[in-house]
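You will see subunit A twice below: alongside subunit B first, and alongside subunit C after that.
This part shows the complex of A and B:
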């Protein structure tokens, strides 16, 4: 069993970073304001000056900062990604989170002392893949894809000599991360290359009186009745008509909440817990981080996990334990 | 009091106050909004930097419980906020429209509530260019705006006494909101009870129909 789990929390703006640190984050992860990270949303993320100031604030409060540079460089144009790694190293961040093997190699060769984590976008989910990243690029931690069960995570940790980090709360990708092309299919842009799934520039909400319709590019994603809770306009959580019936074919609008499983995740040898939501407001971050701070501290003391009361801020206002339990099997 | 949306305004003191001031002209409001906008622009220039990814956006902010709306032009050199009547909406070529109860919109502006959560709960409606709305939300959320402090700052030496008055007004409004909630609950209580009875009957009927369908399916399977 590990010691206390590390709480890794999102920030899309300096205000969110302050909120996360003040609420008890051990680590804040963030990205630059460009396509080098998988939350390249308009008006979001950090410029270099904001990162330097945020890092100072975090370190002054015993927290660390990881920088996600976790998209795959455009063919023939690796410079923005290399510059992101160089700048993160120069500013003195505590780790970079990478997905592309070329970039991982660049970071290992150019900045050997810069701690390297493997992003969930790399989709490394078996011991062979993880050992490769460890041996070839000196990766010290891997963020596990959200497709593994608790017994699978436990078995994996016994076979690798790398720290593991798992998602415990927030938006839930149901596809193989880093390999999903649904957003590209609908809009020509994806989280893997341009850093954004279902980009807002392609999203439209239309009020049709008795229903609110969400569209992504040329696709109707959903139609919500007035009293129905809404979700994000992603294809994987769309409601489509097949055989005359509208239903969620892949996944319902719902959020992951694995708070109840913290003791089992500790038993499984996990090092860190990740909260999703760099695109969310600072009110979400303050609320979720504060709740998970209490949960992690309780788990470390062997106490029962307290009720977190986070349903009101989740997608579709529903929660799931995701693949950790795979109750559908 | 949205002009085109199906969104129903909540029963709040804002709604009642809005009804009371509906006959009044908007002209006296404009210099106050101008001063407030200048104060926010001076204190939070980073808001405009985060919006620089957009091409001259114009936002229509529609507090659904007020009889007027706000037109926001976040030009970094000359930001503008002015009040407009609902009847003018058709003539305004807004990049995007954001609708919701006034107090929710203020909470959003101050980062006290999460925009996505409001949207999931259907307390917030967005129309038009979603990218512009997302950029505005992120810019505002990142600015650590305090509406009362920012707006009062442009009053200079009068900020302190005005702040006292504003705090009293907010406290009064909170009490009025509680009273209105009690009134609302009392008014709808008989209808709610009736609706619960109907829902229970409907549930029983549905269960009965499901049971009959199941029996029928089994019978067909056995017959085959």
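This part shows the complex of A and C:
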């Protein structure tokens, strides 16, 4: 029997959780409504009651819930993070996704029976790092940073006895996750410290007549012709000038789609696939999850991966398979 | 602050091998620093060029009474990279700085240093790593003063903070120097050796913003915490790190040493450092919990 890839899907609201479960998610991952998770956006995420209700709905429909507590606790203020772990354990979630060493230690000591996954924000990119988290904190799964090629993932899986989860769709970090302070350099807020990157509160669009400029903090991130759609100024997807030439130096305003690689990812020994996008709306989640449900099922049967037809919701953005192919580097 | 130590962090740039060697020889002979970090942190493709000089440099540094710490890679992805880090970690008799948790795991049980690329944001993580043998921790560049203070209060380990030089902000599997020159990382032609202090990156409006250093992205501004050292020393930060640049690091180290020893003031230090840094703009915003790019505090008034 082929082992089927687990489909791990995002939810930023209870409505999205329902949509993901209904569309065939094996697992929904989410965060609490505070700085303890890496999608700390206004109006997003779950309070304790919403989590308990969501968990009940998921379990009733044979799905699981993982809680991401994946920012780095602030020095002098560990309580919100410890409480998040305690509450997740008390509510009975299926796993917590952690990035910080101190918090992983706390979770392992205080809640040994609570399943622990390692967040992509921990940037564990090699067997020794993964073995460390396995041995020190009993981590059972690691979400791999988006820096590895398919052959590297395959080689890695042969050396570790920890499950691996990889991103297959959605936003794409081009820097090693959990090791990027570009956002705080320009805005004072970063994924590691406050759970946000290029936060909307620091974004401005300025109509200069002949062009629309997008800024982050005081810095121009991109400029668009009047008839062009002005994209969101995520710092690493901006246009900058080096050696007198303007380019999308870090990355085009592109998103990840590795659906075509599902057979290879299975072959590489990957356990679970992750869809990015806890900030996305219910309709988006429903569409992406059901498309990937079909793709995962087809891959498990050894059938060709069906067309996902997701172009309408990705705003015509370019797609990339990112670091999975070495040419990306 | 006479007891405060000055350190020379690992050179993050790709300098010609002989330039690299001569730089460290001169640091050994002339720079008033207590410790020197040596080795490749950014890109594993660079080290073969200068590796042959490392034993001589270590000998010269030690003969000059300087502590030598071997630095290791921040992003380890291949077997070959892991083996190179393992070799360094197994070197008997040397203090090693881990910049990835894999290296810290290899160093467990004996005294070692933790570099700024391992995320030590809080007391829990700091306590865990010190229990496993870490004796000196260089803090991530993003931390503000109240976090530094809380960490210092919680530990008896030595804490180090970068006070000079471009801030290492991000690392990637992708090489942006190669991309600038429309090359791939595999066939990069080592173009990062053309920019001894990194390659300036401007916004579309021509405003300097960041600096590219191969797979690493840095601040355009040079961090300068001259006016904050005293406060940090009081908090319990024992080591202050100078990140090497192509300016005269002997003069720069001397300027900071004189400031620590009370032989000169902030303004005087500023003049020397500025002159040796090509008049690059300075920043210290992270220390004040602000955008990393800005300048706050006593030095903000100097510029007015």
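We take it that the second predicted complex is superposed on the first by the 307 of 329 C-alpha atoms of A that agree within 3 Å, B and C clash if a C-alpha of one lies under 4 Å from a C-alpha of the other, contacts with A are read in each partner's own complex, and residues count from 1 in each chain.
Methods note: contacts are C-beta pairs under 8 Å (C-beta built on N, C-alpha and C of every residue); 3 or more make two chains touch, one makes a residue touch a chain.
In this text, all values refer to a predicted model and were calculated from it rather than measured experimentally.
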Counting residues of subunit A touched by each partner, does subunit B or subunit C come out ahead? C
Partner chain(s) touched by A:91 [first = subunit B, second = subunit C, both, neither]: neither
Quick one: is A:246 in contact with subunit B, with subunit C, with both, or with neither? Answer first, second, both or neither. second
In the overlaid three-chain picture, which partner chain does A:210 touch, first (subunit B) or second (subunit C), both, or neither? first
One more residue to check, A:129. First (subunit B), second (subunit C), both or neither? second
Once the shared chain is lined up, is A:152 touching subunit B (first), subunit C (second), both, or neither of them? second
State whether A:175 touches subunit B only (first), subunit C only (second), both chains, or neither. second
Parts of subunit A lying in touch with subunit B, wherever the complex brings them together: 12-16, 18, 41-44, 199-201, 203-207, 209-210, 212, 224, 226-231, 253, 279-284, 287, 312-317
Please name which positions on subunit B make contact with subunit A in the complex. 4-7, 50-51, 53-54, 107-108, 111-117, 119-122, 125-127, 129-139, 141-144
Within the complex, subunit A is touched by subunit C residues 74-79, 81-82, 100-106, 117, 119, 121-129, 140-143, 146-151, 154, 167, 169-176, 179-181, 184-186, 199-207, 209-210, 212, 217, 219, 285-286, 289-293
Of all residues in subunit A, which touch subunit C in the complex? 72-76, 78, 99-103, 105-106, 122-129, 131-133, 147-148, 152, 155, 174-176, 178-182, 184-188, 190, 192-193, 213, 217-223, 236, 239-243, 245-247, 249-251, 323, 326-329
